[in-house]
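Below: a set of structures, written as C-alpha cells.
Consider the two complexes below, in which chain A is the common component and chain B and chain C are the respective partners.
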Partner chain A sequence: MIEKKSKLDFYPYFLLAPSLIFILVIVAWPLIETFRLSLTDARLGGESYVGFENYQELLEKKKFHRVITRTFFWMFLSVGLKILLGLAGATLLNAKVPGRALFRVLVMPPWVIPIAIGCIGWLWLYNSHFGLLSGIAQRIGLIDGPFGFLAYKKPAFYSAIVTDVWVGTPMVTIFFLAAMQGVSRDLYEAAWVDGAGRWHRFRRITIPQIMPVIVTMSLLSMIWTFNSFEIIWILTEGGPRGATTTLIVDTYKTAIGNWKFGEGAARAVIIVALLGIFSFFYYSLIKKLNKFEERK
Partner chain B sequence: MKSIKLALIGLLLVAGSSFSLRAADLHFIMCGGEVREADQTVVDAFIANNPGVNVNIEAVPWGTCQDKSLTLAAAGDPPSISYMGSRTLRQLANNDLIVPAKISSDLMEAYQPGILNTVTVKGTHWGYPRAFSTKALFINCDLAEQAGVACEAPTNWDELYDMAKAINDNTDAAGFGLVGKDFDNTMHQFLVWLYSNGGQVIDLQTGANMLDSQSTRETLALYEKLVGVAQEGPTAFERSQVKDLYNDGQVGMYVEGPWGRGVHNEGMNEIVVPIPAGPSGESGTLLITDSIAVFKGSGHEDIAHKLATALTSGESQYALDTPDGGWGLTPIFDYEKLGISDPYYKGDDYWAVFINGIGAGGPEPLVEDFKIMQSVFVNMIQGILLGDDTVDNLVSIAGEEFDELL
Partner chain C sequence: MDKYSKVELVLIYSGIAIFLTFILLPFFEMFMTSLRPLDHLFRAPYQFWSDDFSFEAYHKMWETVPLLGRYIWNSIYISSMVTLLTMILIIPAAYAFARLDFPLKNATLSMFLGVNMFTGAVLLIPLYRVLRTLGLLNTYWAMIIPGVAFLIPTGIWLLKPYFEKIPRELEEAAFVDGAGRLYMLGRIILPLSIPGLIVVGVAVFIGAYAQQFLFAITFNQTREYQPLPAGLYEFIGYQTVTWNEMMAAALVGVLPVMFVFLFLQKYLVAGLTAGAVKD
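Let's turn to the complex of A and B:
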C-alpha cells in the first residue's frame, strides 16, 4: 500500500511564532546590530564602514590585554569566593539547629536590597574619614590613621570583590541549600552507619549529589560576575587609574562616556565571544571530569 | 478643472502658511534639578511676547543633564536649547549638532576677559555663556592659628606648602584638601595651579599642544609634595567631598569656587585668598563657563536663539549670578557696562578675589573628545598621587596622549 505523504504541519510553528519573534527582536536583532556597529566608526556625528579596524586596534593595545586579564581575575576570584561561601552557608543552613528559619531569612538582605543602595552603603563603609571600617581599624590599633579603601589600586580592586561577593553569595547559598535538601537522607544514614565522619559525608555524598547545581551556578555566576557593572561603577567608576576597569566598564566608558559607539560595540562583541568560548571550554571540562569519575 | 486646481493649490498654501503660525514648542533642558524663578520669569515673558510659542523647561539633575541632551541629539530628537558645559561645544559643533550663537557686539564687549574664548572654536562662538566661575583658596584660620602660623595669603607655592605642612604636623587635620578622583574637577583643580604657574594646555593662537612643558612638570611636582600633607587617599575625593572634610575641620585649606561661602559652615573662621603664584607664573585661575547651546534640527532655531539671548543677557543673567536668590557665581559680565550701577560684587573683598585673577586666568581647553582629555589629566594626576611614576614620565605620556586629541 502506498502511504500518502502527510502535509507539513505548520501548527506547532504557528504556536512558537510569538516567542520566536520576541527572541528575534529582543535578542537576535540587538546582537546583529551590535556586530554591524562594531564594523563602523559610529559616533555622535554619524558613521562609516571601517571593517575590522576596531578589533585590530583593540587587540594591538596592551592596555586592552590588561583589561581582559583583570576581568578574568575578577571573575574567578569573586565566583570562587561565592561558591565556597555559598557551600559553607548552605551546609550551615541545612543543619538542624534552633532558629534555622530565621537564619535562612537573614541570609537574604544583600541579595534583596537594590544593588545601588547596597553599594552606596559600602561606599560609606570604605570611606577613609567617615567610614566604619577605617574607624574600627584605627580604634583597635590596626592602622595609625584613616585609610582609603577605594583610593589605592589593589585595595580598591579587592574591596570591589568583597562587595560583589556580599551581593552574590545569598543567591548561590539558596540554590545550594535547595539542592542539598534534595539529597536522600538514606545516603547519609548509610554512611554514618559505616563510620563516615562529617567531612567524609560532605565530600563523598553532598558534593557529588549537588554537583550539577554547582556546575550550573558556577557558570551562571561567572557570566553575571564577568558582566557585573553597577558595583564597580558606583564604588570606583573603574579607577583609581583603571585598577578596577573590567571589560564591561571599559565598554560603557567607550560607548556611552566617550560616544564612540563603533569602538564600544567591538568591545561588546569581544565580551560575547570570550564568554562563549569560555562556556564551551567549561562544559567540555566538566564533561571530561564526569566521564573520569564514572570510570573510577 | 483649472479653477479646481488653483483652488486646491490655494488651499495648500493657506494650510502651509498656517503651519508657521501654529505653536512652536521649544524644549529647554536646564541643569540643576529645579526650575529657577528668574528663568521662569524670563520664559513667561518670552511666551507672552511671542504668540504661538510654548516653552517646556525640563529641569534635569546635574549628573545626567548633559548626557540627556547629547543622547537626545544623537537620537535625532534634539532639545531646542540646552544648558551645557562649554567643554562640550567643540564636540557638538564638529558633529554638526548645534548652530553658532548670535551674540550682539555690545554684549561681547561687556563679557569679562576670556569668557568668549571658552565658547569659541575656530573663530566662531558656539554657545551663549550662561554661568561662569573662577577659583580661589579657602583657609581655615582656626586650624592655621592652632598650628602656630599666621592666617594670611601665601604668595607662592613654597609658602603654601609650609603653611599646609604646619597644619598637618601640628593639628589633627590634614594641611591641604587635594582632589584626585576620576572626576572633572580633578582636572579643573590641576588647571588652576597650572595657569598660576604660567602654563598652557593649548596655545590659543596656534592651537598647538603645550601640555608637555616645564610649567606642567612644576605643577605636577607640587601635587607630589602636597600628597604628603593632604588628606588620606586623595584619589577617592572630588571637590564636594573635600568640602565636607573642610567643613568638618579635617583639612586646613582647599580650592573652591565663589559658592564656597554659601556651602561652608556658618560662622567658620576662614579667609579666601588668590591662588598663590607658581615659580614660573603669576597668580591666576581657571575660567570655566557653562553655556546655552542652540541645537540643530529642532525646526525653530531662530526662536531658540531669541530665547537663549533673553536668558543670558541683562537682568536675567544678573539674577543668576547674584548670590541673593541666584547661584552666587563669578560675574559673567562687567555689569556696570550693562547699566547696573551697584552690582553685588562691587566693594566686596570676597568677590575681588574671584574677579581679580580673571585677567591671568586660562580657559578650560576645548577639544572634541573632552572626556578623553579628562582621562589624560586624571591619569597623570593619579599617577603622581599613587606614586606610580615620575613627574617627567607622567607629563611626557600625558603630552603624547593629548596630542592624539588635537
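Let's turn to the complex of A and C:
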C-alpha cells in the first residue's frame, strides 16, 4: 500500500481469512450442499440420488405454479407500496416544519424492533372478535359482525401485505429522506426563481436526483420481500389453504415442516436461481446508472 | 421558497399524521392492550375505552411465563455474542478492503455482498445438518453462528468508509518509524475509528436482536436457551392467550434495543445511509 511490491503479499488475505472462512462454511458450503440435496430424495432416514426428479415434479405441479405467481404478485405489490409510501413519507418528513426531528425518529421503530415482535401486535390487530381493526370496521358500519382478517384467502393475503409494507416502509423512507437532503439547494432555488411550483420541482428535480437511491432500494426491497418469511409464518403459517404460501414459506413447510429435505432443497435452489437473476439485473443497472452519473 | 401557506401546512401535518398513525398503530394498540384486564379484552363488540386500565399485566407476566426474564436475557446474550464475534471478524476484513490493494479485491467484496441476497431460510436444510454434525443444535451457538454469518457482509460494508476516512499520512508516518502492520492496525487505526466501531457495533447488535426468531424456532428446542421473540409464543396457552401479558412482555423485551437505538439514532442513520447517498 505504501511501497509497490512486485511479489504477492499475503497480508490482505490474512486479514480477510477469518470472515471469509466463516462465510464459506456457513453460507457457501450449505449453498452447494443445498444443490446436491436437491438431486436426492433426502429425508430424515437417508437419501439416494434421483437426478432432476424433484425439479421435474415441481414444474409439473399446478400448485407450485400458483406459488410462483403468488410470490411475484406478493413481491411487486408489496415493494410498489413500500416505494410509494416511502416517497410520500420522505417528502413529508423533508418539509421544513416544526417537529420534524421528532417525526423522523417516530418513523423508525418498526425497522428497529424484531419483526417477530411487531407481528404479534399485528396478529392482535387482525383478531376477528376483539381486534381494533375489526372493531373500527364494525363501528363505522363496514361490516356487521366480527371479521377474521386472517381467516379467508384474499383478506389474509392482503393483511400480510399490509404488515410486510409496515415492516419495510421505515427503512425505505429513511433512505429516501437522506437522499432528498443530499440534493443541492441551488437546483431548487433556480427552479423557484423560474417560477416552478412544488409539484413541478418534485417531478423535475427531486425524483431524477434521487433516482439511483430509488433503484437501489427497489431492488434491495425486492430481494428482502421475496425472502420475507417471518411475517407470513407468524400471521398465517402460509394459510388459509395456501393463500399466503410464497416460495420461501413453501420451502420451509416442505423441508422443516415435513422433513422432505430433498424436495425442499429443490425449492431453495429455485429461489437462489431467481434471486441470482435479480442480482444480475441489480448490478448491471447500478453500473449503467454510475456511467450515467459520470457523464453528467 | 421554504415558506408554506396555511393550507400547505395543514396538508403536510395531516399527511404526517396519517403516515405516523400507520407506523405507530400496532405499538399504540400493544400498549393499550397491555393495560387492560384480560376479561376486558374479550368483549364484543370492540370497546375503544376501558375504565380500569392498570399495569397488572406487567407484574403477572413473570408468573405466567416463569422463564420470561431468562428469554430477555437470552436475547441480549445472543445479540452481544453475535456482535462481539462479528466485530472481531469484520475489523480486519473491512480494513483490508478500505486500505489495501490485492488481486481479486472487487470479486471478494462482491462475494461478501452477495450473501445479502439470501436469508437464512434458504439455507436452513444444510445449515441444520452442519450444526447437527458439529453437535451445536439446541445450544446458544446454533443461534449465534448463523447470526454472525448473515451480519458479516453488512458489517464490512458499514465499517469500510470509517477506515477510509482516516488520513493515510498517519500510517505512512508510523511506517517510516518502523511500526509493524498489525501494530499499526491495533494502535493507530482502531483508536481513531472508535466512533465508527460504536455505530457499526450498535447496528450489528440491532440486526442480531431482530433476526433471532427463525434460527431459534428451527435450530433450538431447549426452552432455557430460547430468545424472547420465540419465547413470547408461550403466552399462547392451551386454553386462552393472555394477550395483555404477551403485549406487556413484548414491549418490555424491545426496551433494550429501543434504548440503544434512541441514544445513537442520529449517528446510526447517518452511518447506514452514507453508502447509498453521495454528498
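As a working rule, the second predicted complex is superposed on the first by the 255 of 296 C-alpha atoms of A that agree within 3 Å, B and C clash if a C-alpha of one lies under 4 Å from a C-alpha of the other, contacts with A are read in each partner's own complex, and residues count from 1 in each chain.
Rule of thumb we're sticking to: a residue touches a chain if its C-beta (ideal position, glycine included) is under 8 Å from a C-beta of that chain, and two chains touch if they have at least 3 such contacts.
Keep in mind it's a predicted model, so treat the numbers as computed, not measured.
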Contacts of A:Tyr252 with chain B and chain C, given as first, second, both or neither: second
Contacts of A:Gly51 with chain B and chain C, given as first, second, both or neither: neither
Chain C versus chain B, contacts on chain A by residue: C
Touched partner set for A:Arg241, first chain B, second chain C, both or neither: first
Partner chain in contact with A:Glu230 - chain B first, chain C second, else both or neither: second
First, second, both or neither for A:Gly195, with chain B first and chain C second: neither
First, second, both or neither for A:His129, with chain B first and chain C second: both
Partner chain in contact with A:Gly141 - chain B first, chain C second, else both or neither: neither
Common interface positions of chain A, toward chain B and toward chain C: 129, 146, 256
Residues on chain A engaged by chain C in the complex (per definition of touch): 1-2, 8-9, 11-16, 18-20, 22-23, 25-27, 29-31, 33-34, 37, 85, 88-89, 92-93, 95-97, 103, 105-110, 112-118, 120-122, 124-125, 129-132, 134-136, 138-139, 146, 166, 169-170, 174-175, 178-179, 182, 188-189, 192, 198, 213, 216-217, 220, 223-224, 227, 229-230, 248, 251-252, 255-256, 261, 264-265, 268, 271-272, 275-276, 278-279, 283
Residues of chain C that touch chain A when the two form their complex: 1-2, 4, 8-9, 12-13, 15-16, 19-20, 22-27, 29-30, 33, 41-48, 88-90, 92-93, 95-96, 99-103, 105, 108, 110-112, 114-119, 121-130, 145-146, 148-150, 152-153, 156, 171-172, 175, 181, 206, 209-214, 218, 228-230, 232, 243, 246-247, 250, 253-254, 257-258, 261-262, 265, 269-270, 272-273, 276-279
For the chain B and chain A complex, residues of the former touching the latter: 67, 70, 73-74, 91-92, 94-97, 180-182, 231-237, 245, 248, 250, 369, 371-372, 378-379, 382-383, 386, 388
Chain B partner contacts - residues on chain A that touch it in the complex: 43-46, 127-129, 145-148, 150-153, 237-242, 256-259
